[in-house]
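Common to both upcoming complexes is subunit A, partnered first by subunit B, then by subunit C.
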Partner chain A sequence: MPEGLHESDVKNPVLRWVDQRLPVISMVQREYGTFPTPRNFNYFWNFGALAMISLAIMIATGVVLSMQYTANTHMAFDSVERIMRDVNYGWLLRYIHANGASMFFIVVYIHIWRNLNYGSYKTPRELLFMIGVVIFILMMATAFMGYVLPWGQMSFWGATVITNLFSAIPVVGQSIVTWLWGGFSVDNPTLNRFFSLHFLLPFVITGVVFLHIAALHITGSNNPLGIEPKGPQDTIPFHPYYTSKDSIGIVVYLLVFALLVFFAPNMLGHADNYIPANPLVTPAHIVPEWYFLPFYAILRAVPNKLGGVVLMGGALVVLFFLPWLDSSPVRSMRFRPIAKWAFLLFTANFFVLMWVGGKPAEAPYILIAQVCTAYYFAYFLVILPFLSKFERPLPLPESISRAVLSHRGGGPLPAGATAKPMEKA
Partner chain B sequence: MRPLFTTVKAAAVAAALFLAPALGAGEARAQGHDVINLPDTKFTFDGPFGTFDRASAQRGFQIYKEVCSSCHSMRQLSYRHLTGIGLNAAQIAALASQFQVQDGPNDNGEMFERPARAADHFRRPFANDAAARAANNGALPPDLSVIVKAREGGADYIHALLTGYEEPPPGVTVAEGMNYNKYFPGHQIAMAAPLNTDGQVEFADGTNGTIDQMATDVTTFLSWAAEPELEQRRAMGVRMVIFLSILGGLAYAVKRKLWADLH
Partner chain C sequence: MADVLASPPKTSPSEAGPRQADPVGVHHEEGPPRRDFLKLAAGSFAAVGVGVVVWPFINSMNPSQDVLALASTEVELGPIAEGQAITAMWRGKPVFVRRRTPQEIQEARAVPLGELRDPATDQSRTKPGKEQWLIVVGVCTHLGCVPLGQKPTDARGDFGGWFCPCHGSHYDTAGRVRRGPAPLNLAVPDYTFTSDTRIRVG
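On to the complex of A and B.
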């Protein structure tokens, strides 16, 4: 073998030639083939792969849609209608893209829930988690700007409300808003830059997703027990075990997606967005898309504009500090008798915030939003730090394989589970 | 106890997360204004497998042409789209030629009128929104291309609105030039009852044009106009769901077999 080539196991001479010079085949084999993965994942571990697929679907449909879409305030609405009527399968592309955003957020919210429930944000995965939060924030920005593009009433007024939030910044706020708008109101320059950014950001997300995966493959995945694999008996190769398990999740995901796209494509949207944007007519209630409602509720819980903006931003920023706010060495809520209830309440609280975010800002909804906002922050800033010190966790299992195989009851261990349990952890 | 807790919790969270968007969107929608319960009109396109009644949609188009189109545009539609409600090319060409549309400029730089062709957009009743307002007491008749998708309640709302005109209840004063409608948000609508007499539109197929029948027909037409892809979409959806169910069964079987040696 000439010097300087990569050591390759590939048998096919052509592929081997490539792999020796650019070891992509070895890399995929290492990272997705033999990659040692905890053997005890439940189906919540499907959602990373599902998020990846959502991103791919959004980029694929979005690129094609952009070939037919016109980013001009006079033509945007009609160009979308033209896609729906005259472009071959344009309705399919657009409904996949519009509902794909909802599917993406469903998947990512479950992915984040899984992270919080099983303590995946804890050492050594802090940076992995923080990169994930960055992806989530980028997704929110992308989704918001995408919703503006059809230039319906909710597009226009949503853009007006959200960009106006920046005016809460003291002194320079109004100048920032003018700069964002490219003028003195939401208008053609705003639509143009939103289109440009809506096209750009998904590729930024793709880049950050690769960092997310790179970091994941350094630390390896967490698992429902929240204990590290202690040897080969605790792990199985990613392929074929998790490729096959992920494929079930993918089909279920596509099934839910198909039901939305083909049978209820407008269920998650707002009827007002089929009315062309009109700067002179304000809709009775301006409501963001469902996936923003919890944060919208936090925004409106505070009577002060700047305070609301700070809290809404804080609700996301607090996540970056979570690995240090929760210093309990036990990851999985399964072994945290008090924290698991606090987290269950946090989950319910999030749904109440989502519900109240869609209600008008009046009594009793404001009070409900305030109580829920208080709990949202208390969970991160008070309860988790407190429990980290005072909660007595349940005993952790000795190892993953012990915990998994003890469920089987008696009988000899099957061939795949051959490795002997470790003597001591 | 503990596995039970986690299982129940996991299932609840998963279910809730899938339902959440519906909840959020539903709430967002319900809070628009005082909730007025709409009567549930039976349409052939209701439900996940419904289809458009072509005859009803064609009668609906006739109503649009003879009644609605004097004020309301449908600018997203072209005459050629009417193949979707069962008209053939010759019928569409004949129909379009009844309308004069503006074209040009010609070689002399002048705009001119000519009979419409199948490829032309539906003729708009007014040159622009200001002209429409001027002719309608200041109110703008909305474009009807996607009206069924642009109103909460969809087809039920449109049907209810068209049949919801009545005398104002005692104590309610209706402003000058306005009309009382029990399903319109705020109850005062600038549009006078468009369908006001049985037999107002005479149908070639002998259908008795009661107000309710006309409202159903024109709503069917407008629902088709808003979602011309509906039938194709649902048929494709059925095939997708069947395909994915089989694929899901296979994926599950493969996974079971592969994992059998692990536990």
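On to the complex of A and C.
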């Protein structure tokens, strides 16, 4: 073998020639073939792969939709209607793209829930988690700008309300808003730049997703027990075990996706967005898309403009500090008798925020939103730091294999099937 | 720059050894190494250069000349009857023009300034001698919705002016915020009476 080439195990001579010069095949084999993965994943560990699939679907449908869409205030609405009526399968592509956003957020919310419940954000995965939060924020920006493109009433007024959030910044706020708009109101320059950014950001997300996965493959995955694998008896190769488990998840995901697209394509949308944008008339009841509602509820809970904007941003920013706010060494909520209930309440609280965010800003909804906002922040800033110090966690299992095998009716374990902690590094 | 040059010499591993061990001869003078100065100078120039290159990109997103050229609008006031209001379009935003009744003016003037979130007299929001005419930008100062109150059938809120349905801000007959999350009064645009029945906004 000539000097400077990669040592390759690939048998096929052509692929081997490539792999010696650019070891992508070795890499895929190492990272997705033999990659040692905890043997006790449950189905919550499907949602990273599902998020990848969602991103791919959104980019694929988005690229072909952009070939038919016109980013001009006079033509945008009609070009979307043309996609729905005249473009071959335009209705299908658009409904996949519109509901795909909802599916993406459902998947990512469950992915985040999995993370919080099993303490995956804790050391050594802090940076992995923080990169994930960055992806979530980029997704929100992308989804928001995508929703503006059809140039319906909700598009226009959603854009107006959200860009106006920046006017709450003291002194320079109004200049920033004018800069964002490229004018003195949401208008053609705004639509054009939103289209440009809506096209760009998914590729930025793709880049950050690669960082997310690179970081994941340094630390390895967490698992439902929240204890690290202690040796080969605690892990199984990613392929074929988790490729097949992920496949089952993908089938269920596509089933739900298809139900939405074919039987309820407008269920998660808003009828007002089928009215062309009118800068002189605000719809009586503006609501963002469902996936923004909890944060919108936090915004409206505060009777002060700057305060509302700061809390809404803070609801996301606080996540970056979570790995240090929760300093309990026990990851999984299974072994945290009090934190478990606090987290369940947090989950319910999030749904209440989502519900109240879709209601008009009046009594009693404002009060409910205020109570829920208080709990949202209390969970991160008070309850978790407090429980880190005073909660007595349940005893952790000795190892993943011991816990998994004793689940199956117990009995003595075959010799060598498990390792005592510390026996193997 | 001056205090960088005047700072005491830093001890780095290369300086800890005997002077002769410094083959490049960078550290032969007293004071901080010249390399620090070079790094700082090069860094500053690079920063300025990046700033100069980035500015056209950022400024290209500000309102362009054609957008700025459309920045004024004329409104004919003649056909507006007392108690009536019309909405004009200025810079893509609605402008509320309301011909107020004497009673509405009275109400606006009777409010003590101490009660207002964004204190402003009624006189300061109208032109002298033209107190009937209230001209404000019809954009809620909270998050930019268009408040209701222009049509006779609209809800006008608890203070007889405008009511924003988005987040529940109430404005009075001088366009001042009285209740709700909006921090400021409805903005009074720059405008001049070009004749008794005509104004130019902007």
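Throughout what follows, the second predicted complex is superposed on the first by the 409 of 425 C-alpha atoms of A that agree within 3 Å, B and C clash if a C-alpha of one lies under 4 Å from a C-alpha of the other, contacts with A are read in each partner's own complex, and residues count from 1 in each chain.
FYI, contacts are C-beta pairs under 8 Å (C-beta built on N, C-alpha and C of every residue); 3 or more make two chains touch, one makes a residue touch a chain.
This one's a predicted model, so the numbers in the text were calculated from it and none came from an experiment.
Steric overlap between subunit B and subunit C is absent once the structures are superposed on subunit A; the two fit side by side. Between subunit B and subunit C, an angle of 80 degrees opens at the CA centre of subunit A in the superposed model, to the nearest 10. Of the two partner chains, subunit C is the only one that A:304 touches; subunit B does not reach it. In the superposition on chain A, contact of A:269 is made with subunit B only, not with subunit C. Using the contact criterion defined above for the overlaid structures, shared-chain residue A:251 touches subunit B, although it does not reach subunit C. Counting residues of subunit A touched by each partner, subunit B versus subunit C, the larger count belongs to B.
In the overlay built on the shared chain, the residue A:217 is in contact with neither subunit B nor subunit C. When the two complexes are overlaid on their common chain A, residue A:279 makes contact with subunit C while staying clear of subunit B. Once chain A of one complex is fitted onto chain A of the other, the partner contacts of A:184 are limited to subunit C, with no touch recorded for subunit B.
Using the contact criterion defined above for the overlaid structures, shared-chain residue A:16 touches neither subunit B nor subunit C, since it reaches no partner.
In the superposed model, A:261 makes contact with subunit B only, not with subunit C.
No C-alpha atom of subunit B lies closer than 9 Å to any C-alpha atom of subunit C in the overlay. For the contact definition in use here, the residues of subunit A common to its subunit B contact set and its subunit C contact set are 284-285. Interface residues of subunit B facing subunit A in the complex, by the touch rule stated above, are 2, 5-6, 9-10, 13-14, 16-18, 20-29, 31-33, 48, 75-77, 81, 142-143, 145-146, 149-152, 154, 185, 226, 228-229, 233-234, 236-238, 240-241, 244-245, 247-248, 251-252, 254-255, 258-259, 261-263. Interface residues of subunit C facing subunit A in the complex, by the touch rule stated above, are 58, 61-64, 67, 71, 87, 89, 91-94, 139, 142-147, 164-168, 180-183.
Those residues of subunit A that touch subunit C in the shared complex are 157, 160-161, 163-165, 167, 178-187, 189, 193, 279-282, 284-286, 300, 302-306, 308, 361-362.
In the complex of the two chains, the subunit A residues touching subunit B come out as 39, 42, 44, 78, 81-82, 84-85, 91-92, 95, 102, 105-106, 109-110, 113, 236, 240-241, 244-245, 247-248, 250-252, 254-256, 258-259, 261-263, 265-272, 274-276, 284-285, 287, 290-291, 293, 334, 340, 344, 347, 351, 354-355, 357-360, 404-405, 407-408, 414-417.
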